[in-house]
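The block underneath contains the structure these notes are about, expressed in structure tokens.
In order of appearance the chains are A, B, C and D, and numbering begins at 1 in each one.
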Amino acid sequence: MESSGKLIETGEEVLLYLNERKSWLVRVEAGKKFHSHKGIVDLDGVVGRTYGSEVRTTLGATLKVLPADYLDHLERIARRTQVIYPKDMAYITLMANVRSGSRVVECGTGSGALTSYLASHVRPGGKVFTYEVREEFQENARKNIERLGLEDSVEFRLKDITEGIDERDVDAVVLDMATPWLVVGIAYRALRTGGRIVSFSPTINQVERTVEEMRKTGFVGVKTVELIMRTYKVKVNETRPDMVMVGHTGYIVSGRRC
Amino acid sequence: MESSGKLIETGEEVLLYLNERKSWLVRVEAGKKFHSHKGIVDLDGVVGRTYGSEVRTTLGATLKVLPADYLDHLERIARRTQVIYPKDMAYITLMANVRSGSRVVECGTGSGALTSYLASHVRPGGKVFTYEVREEFQENARKNIERLGLEDSVEFRLKDITEGIDERDVDAVVLDMATPWLVVGIAYRALRTGGRIVSFSPTINQVERTVEEMRKTGFVGVKTVELIMRTYKVKVNETRPDMVMVGHTGYIVSGRRC
Amino acid sequence: MESSGKLIETGEEVLLYLNERKSWLVRVEAGKKFHSHKGIVDLDGVVGRTYGSEVRTTLGATLKVLPADYLDHLERIARRTQVIYPKDMAYITLMANVRSGSRVVECGTGSGALTSYLASHVRPGGKVFTYEVREEFQENARKNIERLGLEDSVEFRLKDITEGIDERDVDAVVLDMATPWLVVGIAYRALRTGGRIVSFSPTINQVERTVEEMRKTGFVGVKTVELIMRTYKVKVNETRPDMVMVGHTGYIVSGRRC
Amino acid sequence: MESSGKLIETGEEVLLYLNERKSWLVRVEAGKKFHSHKGIVDLDGVVGRTYGSEVRTTLGATLKVLPADYLDHLERIARRTQVIYPKDMAYITLMANVRSGSRVVECGTGSGALTSYLASHVRPGGKVFTYEVREEFQENARKNIERLGLEDSVEFRLKDITEGIDERDVDAVVLDMATPWLVVGIAYRALRTGGRIVSFSPTINQVERTVEEMRKTGFVGVKTVELIMRTYKVKVNETRPDMVMVGHTGYIVSGRRC
């Protein structure tokens, strides 16, 4: 049976797709309506239809109904809060060698967006230990992680990581915090030999202090990179990079415990 | 027990680390010697030591012995053959929403580097179906995949993908081939509703033809991006981007079946 | 005598400088007032002061009064109309080898911004012959050129350049137009041996057609480049590239008549 | 008479053009031969020919003979010594508002490449005062400037600029030196009100110190930018940015005396 044949049920989250620039993540609830600048959709009318079908708004716009997947949720979380961009998440995950079964320490939890990406990749058997000092951030992140069904792969720590990491012999430490250099020595002791540290920072000054501390502590293979993402308008006879772009998100420093 | 305490055994692959620019992936075999421009290391002398310890070459250089991990292997494969760079692999994997349990079609297999990265992330339960027409490439890729212990997550297809994809209802199709536009319609039929296509191409002309074909076929959310990686020299009073860099690898086009 | 000692006179154009992000180019006219979101300045009060002094607005903001120079005017023109960015103007001028005495053909005139930059650099003895088909553009450009006192170095042609270039044996042809490939052969005939052609285009499709035509026509040393300008926020402990940037302006193609 | 008609004379410098990647700047001297990996050219055979004609080497390669212009010389100087790249020279010249009649202080002289570009643009009436402490650099630069016929527009100063600038009321100060922050205050006093300072530095640490010093000294409109040049391979169906590129040259800081 094709998933295309599956009928949409109450309670499911769907993507209402308008065009390449605009779509919405919506939970299909009985008796609810979805409002947008393109008009209203009665969500009762979505139940029982197949994915891929189209609905019309009260203003006459046509929306396609797609099944919402992890990436849709990630983009939704990313839009709400100031988080690491997907391009950086993907590269951090690679450089931390995060894989099935990996035990990863993360700080800070923030919105849980990066936590969720790491958690997706340690399954099954692995675990993300995520540190955060601000209780309200942890609570929000916990909700995001549960919504994504990833709670079995995450342990939340309400603790200032500069006071220590509880875990030992972990495979990776991933830092997205204002003062990563304060955690470099602590991370070294928590990592197994050959384990990897990856730190994300927006300013070059943070990078300098972190790299210096990593070299002093004995990390090897220390590298600093920046990923610049250019988006393109592609259309025959009009193809070019977009005129306005995100010029900078942050630098990614990585190294390895010896 | 810490991994740091684990003793190195015959047959294991280790990383011999010289400095931030040079390290070697070596299998520790009895009676074998490792030769480099920095001198020779008797590998018998490595057996029985702990990871993190140091060995000296006949020319007096000091090498650190680290456990080889997946990333080391990926970099080794990447160095030998012309493959997609890690930064692109990571972003392709994200944009294809590849996760535990995903069923992914890939073409072509090439050296198996991207295959291995996708396979790492579909475990457990998922599968990568990888198409290749050149038998010798497939054989080499199969060896790389087995060496990495990922063979349970990969099915090799010796077939020209432009003649059709055997699988149905897959979650993602990932293309790294000279003529991706020829596979767009075929990919559409193989994907489940909401499934994702991601294509990597070095030239803008390939991108134009692929994007045009994707729009015609009915893919939605079509996007084209390029990831530019800047590497940095970081040292107080000498911090700057590296003078020479990889200026271009390729463009990443993605979309979604409706 | 230092210019700092010079007193501001009625009719002069001055720069009212608020901060690194905001300043205004204003003509000091008797009885006039300057209005901004930071309040009003009575311009009569500016007359007779020295450059470098400060004036206060009715809302209490402090503005520094600087002499307006060519670059201020260029930025003003550039802000009003969609023109080539200064970074591109500077590089085009270099690649066209524009110098004192050069005879340069330009198309199209547009706002006259690039015309003015070229004209600045052919003085004395040189000349910019600038082609434009839209009369109202030519009139506006003429005003800009006169305001900058560069009219002796510019000859305006109200003519479709695809019908021919009147001049012969020119040192350079500079193109900023939608269909540069239509002028490549015409430019070849107008250039002296060793003379240079430089063309600016926003899309890669224009570049492909222009480069192909240039090679077919016999131009040598054909090169295509793109200048990407990153702006930085520089402040100790907060130094980083700006988060939002102009991602693309255009490509610069250059070559040489043989 | 077209320049194409002009006959090549003994003593002239010509460009021998092989292809888009390789050409040579050669002085045509009686009885001399030009040697390259493509074979030998008897330069006597070049005399009396017209520009644009072709000569064959002893190995059968065809070279086109073009008149050498300023840009050819600039590229030759740039190739021999570690100088500012043309893209940066052009932008520095623009940001320093260098034009006919400008009085510009430069430090250091180095090979004289930037000196020559500034000198080209101050003619007539203007002057470049160029400071250098290393006598042998100054001598070499003087030769380059004389070869280009620009000596009337340049005054050489064999002096450590941190001990002071002799000129007053200059229009611009251009710095390409290891410690620009030491000259910021000195430059301020030498500039006229509204005059411009532009400093080029390879490291971000130099930029931070210079910008901080400029703000402290009272410069306004302080900006830091970096120009990244991407070169392209353009050919139908193979168009893409070059795989290897110059990733970084330096940062350009500019400001204005108030």
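The criterion applied here is as follows: contacts are C-beta pairs under 8 Å (C-beta built on N, C-alpha and C of every residue); 3 or more make two chains touch, one makes a residue touch a chain.
Since this is a predicted model, take the numbers as computed values, not measurements.
Student: Shared numbers divided by all numbers used: is that above or below half for chain A and chain B, i.e. same or different?
Tutor: Counting shared over all numbers used gives more than one half: same.
Student: Taking each chain's centre as the mean of its Cα atoms, which chain lies farthest from chain B?
Tutor: That would be chain C.
Student: Chain A to chain D: how many Å between their CA centres?
Tutor: 47
Student: Return the distance between the CA-based centres of chain C and chain D, expressed in whole Å.
Tutor: 21
Student: Where the CA atoms of chain A average out and where those of chain C average out, how many Å apart are those spots?
Tutor: Computed value for the inter-centroid distance: 44 Å.
Student: Scan chain C for residues touching two or more other chains and write them down.
Tutor: 204, 230-231, 236, 239, 241
Student: Touching chain D in the complex: which residues of chain C?
Tutor: Per the stated touch rule, the residues are 2-4, 15, 17, 20, 23, 50-52, 64, 66-67, 69-71, 86-87, 89-91, 93-95, 97, 99-100, 117, 120-121, 123-124, 168-169, 192-194, 196, 204, 207-208, 211-212, 220-232, 234-236, 239, 241, 251, 253, 256-258.
Student: Considering only the defined contacts, which chain B positions touch chain D in the complex?
Tutor: Touch list, chain B to chain D: 202-205, 230-231, 236-250.
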